[in-house]
Structures are given as C-alpha cells and as structure tokens.
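Naming follows writing order (A, B, C and D), and every chain is counted from residue 1.
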C-alpha cells in the first residue's frame, strides 16, 4: 500500500560518514517489503523540488530508518533534519524481491543500505563489503549478529570490492548474488562473476521524478526494451539490464 | 458550498482541476482519489509505440524539473485495449493527449479515439525530432493539424500550445480558426542543463522541457496573452503547485487548470488545490468559478 | 594557482566574474571586496534622468524575482560627475550599461561616455514603453542601435540581448555584423504575477522581468545557441548563483559571466564563485579559463 | 557597518501570536542604530529567494532579537527556525533616526517591534498601542518598566488605534510622534493628527530586493521624487511620503 504522508523524524545520528534517520511510522512493517524504497523530501520546500529515493535500511513496528550519504544538495539537507521535524514520505515503492534464505550480498559503500535491509529477511549468508576506508564500513557487527559471514576490504589498504570478490570467487559458485554499489563496481563485477553465480541481481539507481511509475523518467534499457527502475526495479537480474 | 463545476464548449468538469499529461499514470490511482478530480489528461499517445529517449530523462532544476522523456508510450492500440477501460472506471473525465509526427498521423490517430471526454492535441513537446513544438511554433502547421483532428472527430478538441512559439497568440488564433474547442496554455519551455562532471548536456538530445514552479510567471503570462486575445476557453498549465497559483490563473481568465510536475513534489497537490479553492470561494462568497474569471484590468500605465 | 584572467576583443578582466547591471549600486562596496571582481556593469543610464515605474517594483517568485524597476536612473551627466569617479576607485573594470528610447539617444549617450572599460548596450529591458526589448527583439533595430553606438565610440561595445527575441541567434548575428565586440546573453524573461488579494497584476505595467535561478536552464540555452552560431565572445547572464552554475556557462563556451539577482539571496555570491572556480580549476588542473570553454559536444541523437 | 553573515539562532519562543528569535551576534550593540533593520533568510535555501526585512526588536552586547508575525511563506519558515540553526543576516540597514528623549509612539499590531526598540533609546514618553485582541498586545509591561505611559486598545472591545489616538489627542499637542502599523492605520491617523503634532514620523514597509540601496525596488513617492525605503528610510516624515 503506497501512501504519501508527512512523518516526523525521531532520530538523527551519524553512522560512519553517513546519517541515519529514523522516521516514525506505526505499522510500516506490514507494508515495507524487501527491495523497496521511499521517496523523501523536506516538508515546506519546493526547492529541492524532487523527493529523493532512499532505500529502507531497517523497519520495525513503529518506525523505519534510512541511511544517507551526502551526494548533493538534497541529501545534504536531508542529513540536517532534526528530530521533531517532518518529512514528506512517499512509499513503499518498487517491487518486493525474494531475498532468499542465504545467498551472497556484495556491497560497495552506501550500497550497504538496502543490503542491510535485505539481510533482515535472510537467515545468514555471506556479505562481501568494500569501502573507501574503515570509517565507511558500517553495520558490520550487526550483520554478523544476524548470522552473516562478513568479509570486508578497504581501498586504503587491500583494494576494491572486486579484489575481494575475486579472492572469494569460490563462494559464489551456484549461489544467488545481490549487488549494490556504484556503476563502475557493477560493471567490473559483471565480468568477474559471470560464469560463477546461479543468478545475480543488482540494485539500480536512476534519477526519479515520481517514483511510482507515472513519469517514465527512470528508464533503463533491458533485453525487453525500456523498463522503469521505480516500478519494475530497483532490483533487476544483472544479465537483463544495460549498466551505465 | 461553492459550485466548482465548469462547462465549456462541450466539456463538463465537476471542478476545474485536471491532471496534466505525461506526469502521471495508472499507479497514481493508489495515491490520489481520482473521483475528486475535475479531469485527467492521459499521457500523449502516438499511432504506434515509441520507446522514448535514452536516459537520463529527467533532472532537477531550481524549483522545477527538466525532462527529455521523448513521448514514450505503447501506441493507440494498446491504449484503447489496456488503458482506456481502466481510466473510464476512475470516476472522472478522461481526456487523451495525442501526438503525431505528421498531419496524416494526427488524423489517423484521431479517428481511432472514441469514448473519451475530449482530445488534447500535443503540438508542443520539445523532446522529439519530428512534430512536437516544431508544429506548435508555426501558426500554419498548427492550423492544419487542428483542422485534421477536428475533421476526424466529434469530440471536443483541445490544442496544447508551446510557449516557445514566436507568437503564441497567433498560433492560438489559428487553432481557434481551425475549430479547436479550447486551448491549453502551455507546455514546457526549452532549457539546457550541463552535467558538470562530463561537461556535456545532461540529455542526449541536448535540450529538455522545463516545468514546475520556476516557469509559473512565464506560463501565466502566456495564458494571459491568450485569454485576452482569443475568445475560446483556455486551460492554464505551467508551474501550478497550490491554490494560490491556481487563483492567479483563474484571475487571468482561464476556464480550468492542469497540474503537472507539482505531483512530484507533493502527489496530493491536485486534491489540496481543489479543497482550498472550495474554501477560498466560500470565504470570499464566490458562487461559481466563472465569477473569478478575468478580473484582470487593462494595461494601466 | 590557476590563471583566471580573460581577455577578449579589447576587454581584459582579472577573472571572468562580473556584477550584472541594475542589481547593485555603490552601497555594495561596503559588503563586497570589489577589487576581487573581474568587472562591474553599472546600472543602465539614460540621457536624462528617469524616475522609473511606480511601486511595487519587485516581488519574489519561486527561486527568483520579477522586477519592474523601469530603469530608474539620474541620467548621464549625473553619472559622469557623481558616480563614475567613485567607480573608478574600486579597483575593477568598469562597464556602463546604456539605454535609449531611440537610436539617436543611444548615439548621443555613447558620445558622452569615456573613461570606462566598455559599454554594455541594453536593448533588452522588458519594463519600459519605448526601446528596451522592443529594440532587442528585432534584428534590424538591434543592428542599427549597435551600429550607432559603435560609430560613436572606440570603447569595446557589448550588446545585451533579450531572451524574448523571436530568434536570438539572428539578433546576435546582426549585432556582430554591426560591430559589437561581445554579446551578453541574456536579460530577464517576461513574466506575470497576479496579486491574489487585488486580483490584478502586481505591477502597474502588467508584466515584469524574471530573473534568478528559476531561469537558469532557459538562459543557459540561449547562451549556448549563441556561442555555437556566432563567433564573437559571449558573456553569460541568467540565474547564476554559485560556481557550479558558472561552470555550466563556461562549458557552453561563454567568455565571462555576470551575476545578478543572486546577490539578493547572498551578497557574497560573486566572491564565492570566484574563489570556488579557482579551487575547481586547481583541482582539475585547468590552467586557464579558455581551457574550459566550449567542451559541449555536437548534438548526439 | 553593514555586513552579511551566517549567524546562529539561540532562542525561539512565542510571544503572543508572534515568534521571538534571538540571534547571537557579539558586538552588534555597537552598530545597530535606532530605526534600523536587518534582512534575514534561512541559510541553504534559494526558495524563498529573497531575504526578509525585519526590524530590530532589541539589541544587547552579544545578540539581537526579532519579532516575527507570520504573513506568508517566508515569515512562516523563519518562525520555525530552531536554536542551533543558522540564518543569513544582512545588516544593520536603513538610516538611524533620532529617537528623541520622550515623544509619542503609536503602534498597530506587529508595528510594536521597531517601536519597542526605539523605546530602548528613549527615556519614557507615551505609547498608544492597538491590536486585534489581548493576545496581540505584547511587551506592554516591559514598555512600562522603561518608563513609558502605555495606553492600549483592542478591536475585540474598545476599537482601533485611531479611536485610542482620538481619545488621547491632547497628548499629541506639540510632540514628536512615531507611527508604525498597517497602511490603512497610517492613512487614517494622518487625517486625525495632522493639526496636532510638532513632527510625525512613520516606519514604512516595501517589498525589498537588496535592502541596501542597490536595486531601486523599494521606491516610495515623496515630495522630492522617489526615495528608497531601505536606504532613505524606513522612517520618514509623514508629510513627505505618499502612503499606499
């Protein structure tokens, strides 16, 4: 059930280089499915004009959380919202996916957000997680507590997610794999893992107008013509989509 | 309770607030109570399916958006079979926007449209190679397109103009002459955004169409010029986000309005506009929308 | 340290950031370090004093303003005696904008201007009865005005165009032909705001000129059209509020920019733009502004 | 010395129907003169695009206060600023005036703001103060503590400021009078007091672009042609200006 509402922020805290916003929303756990996201904006403002797509990071009975990396003005302003202030929230949006019982998650940077949520639906598995530096590696302990085997790498020392995946390529054999991270990472991974995995899914991003399938702006080329990230995604089989 | 209904040249709306073409589709029925809307203009349909422009197709600008969708749609057959039946169930007046790359295409397309409250002729899209605003910028072509549409239908024909026309009033007079029942003023403005990372235009087709609050004073002026010069009804479009914006349009004399990009910022905008116009009319003892029309004075200095 | 200086057709600036005409006056010297600016264009001066339009003269619109100042100024004599000496002390290049209601007035005015770095010819003001954008919208009149100005001065002549011209590229080509050293693209757009309390246009002259971030994608497109079609330098104007906006203009090939309404929102905007362009050029190893010019590709689809 | 700075809000409280904002600004008392104002806006925002002119309400060593009546979007958003948030502040602006030792102040509604500040520079006098209802009569006690004789009236019961002035017209004889309030009130008062006062000054409002004499938008017709409220005012001799 997708709704548009004005909801209060009840927590704003730093998590590594990111901002974690918790938003009050009683009953949201009944609607927010794995793979879904919300469009969020500051109330009162018409500049920034568009709401910003953000993945669910976690959902409980009376609130949900978002993890925000500052990219431009929109995310900067969202990061500064204080408890007691209100946000416009449109969602849940996107198709729910089958998380699978276990499976492999591959995260780059802020890509951890939707994968962390996905892990809430899983019973373990493996997380391969790369970031620029140690500070950017967040929620590792929580993922381990959920029963995932977490392997991390940082660019500071070690290398990229791709290096980490290559080191652990055997783990991917015959598995369902979910990837979320920057376009360049997805492109490289595609080559690396092509012959190993059973199925590979990727969380994609696109500039969005409406977030709900109205404006046709989040088009992505697939083997079946254009699809829409907000409506047909944001998670797609990797082999179906043209990346970048 | 004020009477919000409007009726003009064969068009009857329970209130003057419509959803503009291209910004919404069926999923919005989950969010908005369509029964409350005066009308809806479905996104522009062409004879055959169009895949639209390569992404990115939209980005934000100050107080608005710029788009290069390129009229992606699945064609008239799909519309008649899959979409229209669902639209008819929504409890509001259904208009369909049509787009052709030639006059013949417009004519043919028109002949395949039945069972709607009216047709909106899109000769104002800035994001296509053929047709689009090239047609709407030229009074003669605009005349011919309108004529072709009008001779192929008994439905009310609304022509949606481009603010990029050399002389929008001339185009308005032409389409009136050709038989248009009403004019929508107006579509998006042409704009350019450069991606400072790539140093190139963000869109593959270089320019896009600018909409949202940013263009309101510009669009309102176009609507104003037309209401003063042309005596067929005008539907205002461009930057309307709240009831005060809507009032500005009514005071220059439009008969109805279309809400477009505003729904990206606030999907409930159209409903809130209706409720607030209602409240405003009650408070100010307007009995019907017509009373608010055209209160603008002559040039005063 | 990047070299921000630019030099074109007789104009030499220590950096490409100028203050636009009409938004500032001497009191700003208290706020901004004028020595840091590439140049300043003083507000449009006419032959004799003009009192300007009756108030209100300005109001806010989404992400911008709309004004109907009407070129209030005390005339050329007052300028030469009272203002110019103070401007010359500011440590930056001084340009003066001129405005006439006839070609003869432009000619006469020009002959009374000396001792500045250049003249900006305003044939693009939307808020006056005679001259203004009526001149700038017509390639022939624009030609004649430019010619008249150029034949009466040895100073660099910059012509400031209106985005409301039927074909701004044609006008640009005309003024180039007539001898203009550079083109400023562009002045405000025409817009309308209705006061919902009085139900009337907020301005006595009905329309006003729209400026600020709201118009940036529209103005940028005009600048882009001109840089591609006309081979004299272009100065970008319209909606520039920060260094990223400025870069968009440089990437379409302008030689300098003017910052206008932005100073209402942030008086330090011009200085911050200069500092940040400097930083950006260092970070990206641009050695001079020219290197950033015109990286925009041909149409790609 | 006019400056443009980003300053923190240190207090936001209700005062009757208004919002009182206190802004930290060490040393401001050395610059802020009687009759002056500031232009204020929310940092980060370019919509609302213009800063809003607001009178000094009070000034001390390390802060100044503003009293805000919500009129439209700009004042509404300013009223919601929380302590710790920052505002853009341009000022002090306008001409300083000579408050006079005593004199008569006539306030209508939010017109109390600059007159309260003026009274900080005076040594008593009389305040005639009208408002819609009792809640709108603010700062009365503080004015009395400053030694002013305060007479109030509300539209609820009693009548308008004009009624109050007529009742007390004898007090105005030969005095310097300062008026701040809505245009309609100023217009009526002009007729009422014309033959009584020695000099009458009025605080005026105009839509402002720059606030500092740059843009020529705040023009007001005077006996000497157009003047500019931000630069030549906001206080003018009543007889010199065309009201409304």
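To be clear about the criterion, a residue touches a chain if its C-beta (ideal position, glycine included) is under 8 Å from a C-beta of that chain, and two chains touch if they have at least 3 such contacts.
Please read these numbers as outputs of a predicted model, since none were measured by experiment.
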Contacts common to chain B and chain D (chain labels): A, C
Length of the line joining the C-alpha centres of chain A and chain C, rounded to whole Å: 45
Whole-Å gap separating chain A and chain B, where each centre is the average of the chain's CA atoms: 36
Interchain centroid distance [CA atoms averaged], chain B/chain C, Å: 34
Chain A and chain D, separation of their C-alpha mean positions in angstrom: 51
Residue numbers of chain B (touch at least two other chains): 54, 61-64, 212-213
Shared-contact residues (touching 2 or more other chains) in chain D: 46-47
Contact graph of the chains (line, ring, star, complete, other): complete
Of chain B, residues touching chain A in the complex: 22-28, 30-31, 43, 51-52, 54-65, 67, 69, 72, 212-213, 241, 261, 263-268
In the complex with chain A, residue positions of chain C that touch it: 62-63
Of chain D, residues touching chain B in the complex: 46-47
Touching residues (chain side chain A, partner chain D) in the complex: 44-47, 73, 76-77, 82
Residues of chain D touching chain C in the complex: 1-4, 41, 46-51, 74, 88, 90, 206-210, 212-221, 225-226, 231
